[in-house]
Each structure stands twice: as structure tokens, then as C-alpha cells.
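Across the two complexes that follow, chain A remains constant while its partner is chain B and subsequently chain C.
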Partner chain A sequence: MLRYILIRLLYTIPIALGVTIFVFALIHLSGDPLNAVVAPDATAEMVAKLRAAYGFDKPLPVQYLIWLGKALQGDLGNSIVNSRPVLDTLLAAVPNTLMLAIFATMIGFAFGCLLGGLAGYYQGSIIDKLATGFGIAGVSVPHYWLGMVLVIVFAVNLQWLPATGMGAGGSDAWKWDWEHIRFLILPAVTLSVIPCGIITRTVRSTVAEILSQEFVQALRAKGLLHGQVMRHVARNAAPTVLAVMGLQLGYLLGGSILVETVFNWPGTGYLLNDAIFRRDIPMLQGTILLLAMFFVALNLAVDILQTWVDPRMRRS
Partner chain B sequence: MTTATIAKPTASTASSTPIVDVKDLNVAFRTGKSTTVRAVNGVDLSLGRGEVLALLGESGSGKSVTLRALIRLNPGHITTVTGRIVVGGIDVNTLAPQALQDFRGGVASMIFQDPGLALDPVYRVGDQIVETVMRHKGVPRAEARKRALELFERVRIPSPERRLDAYPHELSGGMRQRAMIALALSCDPEVLLADEPTTALDATVQIQILLILRELQRDLGLTVIFVTHDIGVAVQVADRIAVMYAGRIVETGPVEEVIARARHPYTLGLLSTRAHGGRLEGKRLATIPGNPPDLSSLPPGCPFAPRCGYAEPRCREADPPVGEISPGHVVRCIRAVA
Partner chain C sequence: MNLMTPAAPATVDIAQTIANSPGYWSTVLSRLLRDKVTLFFGLVLLLIVLMAIFAPLIAPADPYKASMIRRLKDIGFPGHPLGTDHTGRDMLSRLIYGGRLSLFMGVLPVLNALVIGGLLGVIAGYLGGAVNMAIMRTMDIFYAFPSVLLAIAISGALGAGIGNAILSLSVVFIPPIARVAETITTQVRNLDYVEAARASGASSLRIIRIHVLSNVLGAIFVYATSLISVSIILASGLSFLGLGTKPPEPEWGLMLNELRQAIYVNPYVAALPGVMIFLTSLSFNLLSDGLRSAMDLKT
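Right, the complex of A and B next:
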């Protein structure tokens, strides 16, 4: 097991390096990186000076290595917009996004497992059709639209929950009390709808498939109680569901741009949105790099967790 | 199949009150809005304690469905079962859910065709036995584990202590089936239902499994119903054979009697299709022409008539009569009885 984890860790190194190359290439894919900094009427001499100052006059591989070396030491450069270190801004935003994504995944996972489990168990029944319909709706609904509808219903009309932001004092004054958690509910519910739909469908098909296997009949044939049989089914479904859940959490970490923007939630998605519109390339680069690394780490965690749950995967 | 013979108990060990008593069993599956598959049509079975019956037939003859009906394992929502099923003095069809769960594994337990599919892949084999023992015997885990180890030794699994902690995929096919047998016998059932337990195994492993089953059956005084399509296997393990066709028993009797003096054309066909050691080199294997009938629309009369070389017009008019042609040898064929 330990050996497997070590090998799996080694495998992530080339993946992580690939990601850094891609992120680095982003600067040059979007045209001359100096365009964003240099005034349109700058002299050629001045442009050359700036080019040397940013290191853009060196060959690309050298630039990459310098950039990677700095990134490894935690230096992601300074924002073009406000000149503050990118890392500081990122570190302030990451907990907010994590909070939102984990909360949304938990909601999606709980409801997805419940609905999917019922649908798979009562395959072909009304419950199945309702849950499947909900699953499809969850995957297809554009969530920024859903977010706005939820704001209109629960914040504007019913006035049960706040519409946007993180509460008084913003992100710095966050506390785990009801006054603040209230602000988390609408964005988290909005964000949870897609993973909920996907997990519903995965759990449904996995449970239905497992129930049709002969070992379930064998479990009944040896006289196990209903609950005990279902525990076996859950253990068998766990690896697949875990993998899907891990991927969903990864998508939510990177993919909450729209929801964070709709709800003014000061997370990485919000930063990303801002950086795109202001052509703040170091900010963009840092954020994407961090989110991509999250995804890689999450995949690693899911793999290890899966191996731990499913003995058949432990062989190599 | 191999030709090794296995010692059998004498038929006299069977006592007079039947431990398995099935009367007029009918099982139908609703497979579509208006289609009903009549898988079992009026089966009678009666087994004395310690008796071994082989249910013989092709795929789709209803032998597995009959077996599963004995512990109500057929999918409940699409299955209609009528008739009387009494196993170990318990009326199976009227059991409440909780009592049914006590009955399964406790009074009657089952071995499946492919142990690779019948064992839970993500649980250790030892734990699968332990949970069953704990469930039925209400003993603590350590004691259940001791029982599992004892069973593994009994079915002759090498280094049993280590194998208890193995996952099913880490065992060979033969080893898995031994584990399955150990599991089935873990709670001292009176009746063992074996659903083609050697079909998925290599020929050399088959005989080992048959030997173990036979030995355990004799030592524990088990009553066994052994479903197979292999007449060679049936001859080796059983005291009695019941040949099934289209959900009916068409011929039944003591093994030697049925083998030597089969009267039903279907049994005769099965006997001649046997790939026997003494088969002449270069001679084609004999087969029974045609396919088993569609169980969702059975024709009137004898269901074997369309494939029967001896069929007469009256075979297609009415159900063939049932007659006992010698003690215990019962045949359902117009030619044998009338």
C-alpha cells in the first residue's frame, strides 16, 4: 500500500510539470505579454528596457525555468493591476473557494447518494423516474441562471437569506456562526446542483448494476438481513462514487467562476473573472496554476482512497 | 467428464419423512406487459434426509429456477410461485421476511455456479463467512472466525489461516468454490442446494470439488439437491436423478435404474449425447435436434413432441400421463405409460 502511494506520487510529478508548462505558455499564447503593461505611445527604447526588466528578452526555456524556480519558492509575481504579490491575494481567496466547493460537494454528495440509491434500488418505479429526471435537470440547468432565480426567490421575495457577499466585514471577518453561514447557503446550493445530478446518475447506475450481480443473490441466500446486504452494495459502489465525487470537487474548485461572480463571493473564481477582464496575466497564471495543482492533488487523493476501498485495485 | 467413481451412501440412509417436500410447484416470470414465461410447471419433489438428488436438464429447463424457489430467491416483483414448498418442516412460501432470512443459510443454503461471481469482490472471504456465522449463530467475532478456519480446513484449503484474509480475486477457481462450500455449510444447514457448482471449473478441479461435496454430504448427513446439465456428474454424486424438460420433471428414479432403463425419449437423448470415454474415434457426437421450447408460449400436449423422434399425433393433443414403471422410477411419456 505504501509502495503504491509512493509510485502514484512519482507519477504526479510529470503531470504537474506538464501543467506548469501549459500555464507558462499562457502568457505567450495571449500575444506579446508586454502589451498589457506598456503604454501605446512608448518608445522602442523603453519597450526594450521593460522587456529586459521582465526577462522577456531571454529564450523561452530559460524564461520557463526562471519562472518555475520562482513559483516553487512561492513567488508567483506581482499583479499588474495593483502590484501586490499574486500569492497573497490567492491565499486570501483560496479558503473562501474551498469552503464553498466542499460545502457544495457535501450537499451534492448527500442528495446524490440518497436519490441515486433510491432510484437504483427501485429501478423503473416512479421514484426512479423522478430522481433520474432531477439528475438530468441538475446537469443541464445553467447554474448562474439558477443562482439568480434562487436570489430572486429566497433573497428578494422571501427575504430568508442574503443575496450576495460573505457578510459583514467580508472575507476577513468570517466566522462559523449562523450570521455568516447564511451567506454560504445560496451559492453552495447553486453550485451543488451539477455534482448532485452527476452523482445521482452515477449512484443510480452503479447500484442497479451491483444489485443485478450474482453475489447479491448469494448474500441473500446466506440469510443476511436487508441492511447487511445493502452495506455490501454500498461498499461495492464506493470506489466509483468516490472517484466521481473527487472529480466533481475538482471541477467546483476551478469552475465556480460564474457562481462566485453572481454571488460576489471573494474566491478564486471571482479573482479569475477579474483577472481575465483586466488582462492581469500574472494573476491569471497564478490562479490557474494553483487550481490545476488542486486538481492534480485531488486526483491523487481519489486514487489512493479508491485503492484503499477496492482491494482489486491493489494488485500492482 | 472424468470416469472416477465416488463412494455413495446406500439409499437406506434416507428416512421416511421427507425433508424436502415440493408439490405442484409452478413458477412464472412476468417479463413484459403481456408475456409470461412459465419456467416451472407442476414439479413434485420429495427427498428423504441424507438423500442426494440430481436435477438434470439443459439450460432453460427450469432446474435452477426450481432450486431458487426452494429458498425464494427468484426476483420477487416479477415472479409468481404457486404450490407447496416444505423444507425442513418449514413452509417456505408463507415465511415472513425475518423468518425467511433465518431460514436461508440456516436450514437451507446454496452453492452457486461461478464462485468468482457469487462472492463479494471487496470483502475478504474469511469475513464473508464470519458475518454469516455471526448472523445465524449470534456468536462473537473471534468464535465465528474460529469456525471459519475450521471450515477452511474441512474443505482442504491449503494454509487456511492466510487464505481467510484473502480477497476472492486472490484465490484460484477451485479454491473459491471450496470457500463457497465452506460458507454454505458454515451454519449447519440441513439442506444444501448446489446450482451447477462444478460447471465453471476445470475438469481436474471439478472432480476434487465433487469429492469434497460427497465427503461432506456423507459426514454431515446433508440432503443435497444438485443441479447439473452433465449426466456424468449426476451419476457420480446422486442417489436419484430427476430429468427436467420445459419446467417439468419428465423422468425420475434411482440413478442406476434411470441410466440402465431410461424410458423417456429425452432422457435417452441425453444419454446418447454424452461425450463418453468409449466413444468411437471419428464418430460424430450425437445431439438432440431442435431447441427447447419457448416457455412464454408452450404448445398443448407434450412439450418435447416437436423434437421427439417417436412423437405421435396423440402426443400433441393432451398432456402425457405420468406413470410409475418400477418402484421409484416415474416417467411422463405416453409411450412408457400407456
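Right, the complex of A and C next:
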């Protein structure tokens, strides 16, 4: 097992390096990276000075290595807009996104398992058809629109829940009480629709497949009760479902930008959106790097966990 | 690979795809004709596409013409069956015209990816070895990003614009298509009858053209249909963030963004563009599901 973990780790290193190269290249995609900082009427001498100050006069590979070295030490540069270290701003936003994504994954997991499990067990029934339809609708719905619809229904019409933000009066100090959790409900439900659809589909097909296997028949023949058989099915379905859930959490962390924009949720997606429109390239780079690395690490963790739960999954 | 990308077909049933004779396709067609759900949503999709193509003929009003005195009128307002937007433009006409850009921005990236990804996958699968390593490991790097993040990273760095949005989405869809094409090509390459063709002197180009492509194309086409539904959501999402089309162009995602503040005044009108995105994406998804099960003769 230890050897497997080491091999998996080694395999991840080139991918992580590739990700850093890609993120580094982003800054040069839009032409001269200095355009964002230099005033349009700057003299050639000033431009040259700035170029040297930012290190843009060095060859690209050297620039990359310097940037990577700093990033590894936690220095993602300073924001162009407010000159504060990118990492500080990012670290303040990460918990908000994490909270949203975890909450959404939990909702998606609970509903997805329930719906998918019932659908897989009662194949061909009304529940099955409803669950299948729901699964497809879940992956087809533009969630930024769904967020708007939920705001219209629950915030504007019924006035049960607040429409945007994460605290009364636009405050972003979080506390685990109802006054704050109220703000979390709509964005989390909106974000949970996609994992819910995907987990429903996964659980349905996994349960259906397991139920068709011979060992289930053997269990039944042995005289096990309904619930006891289902316990075996659940244990066999768990590795696949957990893996899907882990990956969904990663997708949500990186993909929450649209929902955070709809709900003005002060997370990483909101930062990213802001960075794009102010052309704050270090902020953009830092946010994407962090989110992508998180995704790579999560992938690794899911793989290792899955092998640990079910050694048959071990890849060669 | 993405927030919502459907799982790629991991393997093809060679015995089945080899039977790609005329008889096979007529069976698929007759199976499709019996599938009412697929037929219905196929028809819906056809209507949406026709509506977008013939927009100038169908739309009752000029989609750009604003009117200060007729802002945010409700559904059913005389002369504006679906109401008006925040600058008094006719919603029905804008929704009809909006399909043009939304469909274009959603479908084109997948077509690009189909050509480039398909090519890369076939090359990697056919040549194998170091070329395969180089291509497929590069693809792995793009798999390290959630697709929404990848699309936003590229178009955010490039700046707003239709071309940039299409480019960034093409990059998102190349790796999954390349992976499917590579898997199938590798399988086909090692089949006995392909070995026999090579032994009897067929050139690589001929083997790829006749044996590999016939197997790869069907599979990646069906897969691409399901990617289009994701692509439509993402393309409109980019416009929703202000990274795609620019005002005053009618585009569903951008319209949704412009009407965000209007939900307090006229929520039903504000939600309309999203209904169109949802319907289009849903239709592509169901069509893809239907095609897949019709082509899988085992069930």
C-alpha cells in the first residue's frame, strides 16, 4: 500500500508542474503583461524601469523558475489593485468557498444517494423514472439561472431567506448561528444540483449493477433480510460513490464562481471575477493556481482512499 | 472531467461496431423512432435551431430597438407577448435572436475539439510509444482543472470577446475527446483484422481512414452531443460573467446577466433567457442519451 501511495505521488508531480507552467503562461496569453500596470502615457524609460522591476526583462524560463520558487514559499506576489499580498486575500476567501462547496456536496450526496438508491432498487418504477429525469435535469440546468430562480421564489416572493451576501448588512464575519446559516442555504442548494444529479445517476447504476450480481442472490438464498442485503449492497457501492463525491467537491471548489457571483458570496470565485475585471493578473494567477492545486491534491486523496477501501481498484 | 461532463465511454464493443453495416444503422434508426422521449426533445432542438437560423423572418420586432417608456413590461403586454427588458426591447425577439449566438458559441467549441481532439487521439493511439506519452500526458494537465475554472482562466486572461470564449471552451473539450479517440484507436490497432490489413501491405493512412475512423467517429460523435449541452451552459455562463458577448448583442447568458437586477421588478421576464439555456442543454443531453442507447444493441 505504501508503495502504491509513493507511485501515485510520483505520478502527480509532473502534472502539478504542468499546472504551474500553464498558470504561469496565463500572464503572457494576453500580450505584454506590463500593459495592465503601465499608464498609457508612460515614457519608454519608465516602461523599461518597470519591466526590470517586475522581472519581465528576463528570459521566460528564468521568469518561470523565479515565479515558481516564490510560489513554493507561499509568495504569490502582490495584487495590482491594492498592493496587498495575494495569498493573504486568498486565504481569507478560501474558507467561505470551502464552506459553500462542502455544504453543497453534503446536500447533493444525501439527496443523490436516497434518490439513486431507490431508483436502482425499484428499477423501472415511477421513482426510477423520476430519479432518472431529475438526474438529467440536474446536469442540464444552468446553475447561475437556478440561483436566480431560487432568489425570486424564496427571497423576493416568499421572503423566507436573504437574497445575497453572507451576513446582515453585507458583513462577512461568519458565525455558526441561524442568522448566518440563512445566508448559506440558497447558494448551497443552487450549487448542490449538479453533484446531486451526478450522484443520483452514479448510485442508480452502481446499485442496479450490484443487485444483478450472483452474491446478492446467494445472500438472499441464505435467508438474509431485506435490510441486511441492502447493507451489503451499500458497502459494495460505497467506494465508487465516495470517489465521485470527492471529485465533485473539487469541481464545486473550482466551479463556484458563477454561483458566488449570483449570490455575492465572498469566496474565491468572487475574487476571481473581480480580478478578471480589474485585470489584476497576480490575483488571477494566484487564485487559479491554488484552486487547481487543490483539485490535484483531492484527486490524489480520492485515488488513495479508494484503493485503501477496495484494494481491487489498485492501478498498475 | 468537469463540473458536469458525462463519463466518457471507456471501451467500445468491437464486435458490435464492426457490424456497422447498413443493417446496423437501419436498426438504430428504427430503435430511435420508437424512443418517444428522444424524438420529442430532438424535435424541440430542431425547432430551437430553426428559430435561430430564421430569426429575421420570425422575430416580431427589432431586437435592438429600445424604448424608454416600455421598460420591463410583463408577459402578455400588448405588442410584446413575452414582455420587454430593462431598456424596453422586445423579449420574444431577443430570445429568438439570442439563440444564434448562444448556439454558435456552444456548438463551435465542441466541433473544434472534435477535429483537434479526435486527430490528437487517433495519432496518439495509432503511433503509441513516446508520441502517445507526450500527447496524453499533456492532456492530463488540462484534466487537473475543473472545466469551469479552465474556461474562465483562459478567457479571463485573454479578455472578453466571442472569439476568446470559443477558444477557451475549445481547449476545455479537446482533452476528453482526445482521450476517447485514443482509447478506441489503441483497441482497434491491435485487432487481428487490422494486423492482417497491415500485413497485406495497407498503408497507415489507409488503415486509419478505413478501420480506425469508422470505429472512432461514431463514438466521439455521440460523446460530443453530450458535451454540447455542457458547452452551451458554459458559453452562456461566460457571457453571464461578462466574458463572452458584449451588449447590446442578444445572447441568452448576457441577457440573464443584464436582467439580474430586474428580478425585483419583473421576475418572470428576467428568468426567461435561462429557460432557453436549460431547454437547449436538456434537449442535447436527452438526445445524446437516446442516441447512445439506440446504438448499443446489447440492451
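What we mean here is this: the second predicted complex is superposed on the first by the 308 of 316 C-alpha atoms of A that agree within 3 Å, B and C clash if a C-alpha of one lies under 4 Å from a C-alpha of the other, contacts with A are read in each partner's own complex, and residues count from 1 in each chain.
Everything below uses one rule, namely that a contact is a pair of C-beta atoms (placed from the backbone, for glycine too) under 8 Å apart; a residue touches a chain by one contact, two chains touch by 3 or more.
Treat the numbers as computed from the prediction; the structure is a model and nothing was measured.
Student: After the alignment on chain A, I want to confirm one thing: do chain B and chain C clash, or do they fit together?
Tutor: Fit: chain B and chain C sit side by side once superposed on chain A.
Student: Figure out whether A:Leu219 sits in contact with chain B (first) or chain C (second), or with both, or with neither.
Tutor: first
Student: Who does A:Ile276 touch here: chain B (first), chain C (second), both, or neither?
Tutor: Only chain C is touched by A:Ile276; chain B is not.
Student: Count the residues of chain A touched by chain B and by chain C, then name the partner with the higher count.
Tutor: Counting residues of chain A touched by each partner, the higher count goes to C.
Student: Please work out whether A:Leu26 is in contact with chain B alone, chain C alone, both, or neither, and reply first, second, both or neither.
Tutor: A:Leu26: touches chain C, not chain B.
Student: With the two structures laid over each other on chain A, which partner does A:His232 touch: chain B (first), chain C (second), both, or neither?
Tutor: In the superposed model, A:His232 contacts chain B only, not chain C.
Student: Which partner chains sit in contact with A:Pro311 here, chain B, chain C, both or neither? Use first/second/both/neither.
Tutor: In the superposition, A:Pro311 contacts chain B only.
Student: With both structures superposed on the shared chain, find the angle between the C-alpha centres of chain B and chain C as seen from the C-alpha centre of chain A, to the nearest 10 degrees.
Tutor: 80
Student: Check the residue A:Gly69 against both partner chains and state whether it touches chain B (first), chain C (second), both, or neither.
Tutor: In the superposition, A:Gly69 touches no partner, neither chain B nor chain C.
Student: Look at the superposition and give the distance in whole angstrom between the closest pair of CA atoms, one from chain B and one from chain C.
Tutor: Between chain B and chain C, the shortest C-alpha distance works out to 13 Å.
Student: What residues on chain A touch chain B, complex-wise?
Tutor: 213-215, 217-226, 228, 232, 235-236, 309-312
Student: Could you list, by residue number, the parts of chain B that touch chain A in their complex?
Tutor: For this pair, the touching residues of chain B are 71, 73, 97, 101-106, 109-110, 112, 114, 117-124, 131-132, 135-136, 167, 169, 183-184, 187.
Student: In their complex, what parts of chain A are in touch with chain C?
Tutor: Against chain C, chain A makes touches at 14-16, 18-19, 21-23, 26-27, 29-30, 136-137, 139-142, 144-146, 148-149, 151-152, 156-157, 194, 197-198, 250-255, 257-258, 261-262, 272-273, 275-277, 281, 284, 288, 291-292, 295-296, 299.
Student: Which bits of chain C are touching chain A when the two form their complex?
Tutor: 2-4, 6, 137-138, 140-142, 144-149, 152-154, 156-159, 229, 233, 236-237, 240-243, 253, 256, 260, 263-264, 267, 270-271, 273-275, 277-278, 281-282, 284-286, 289
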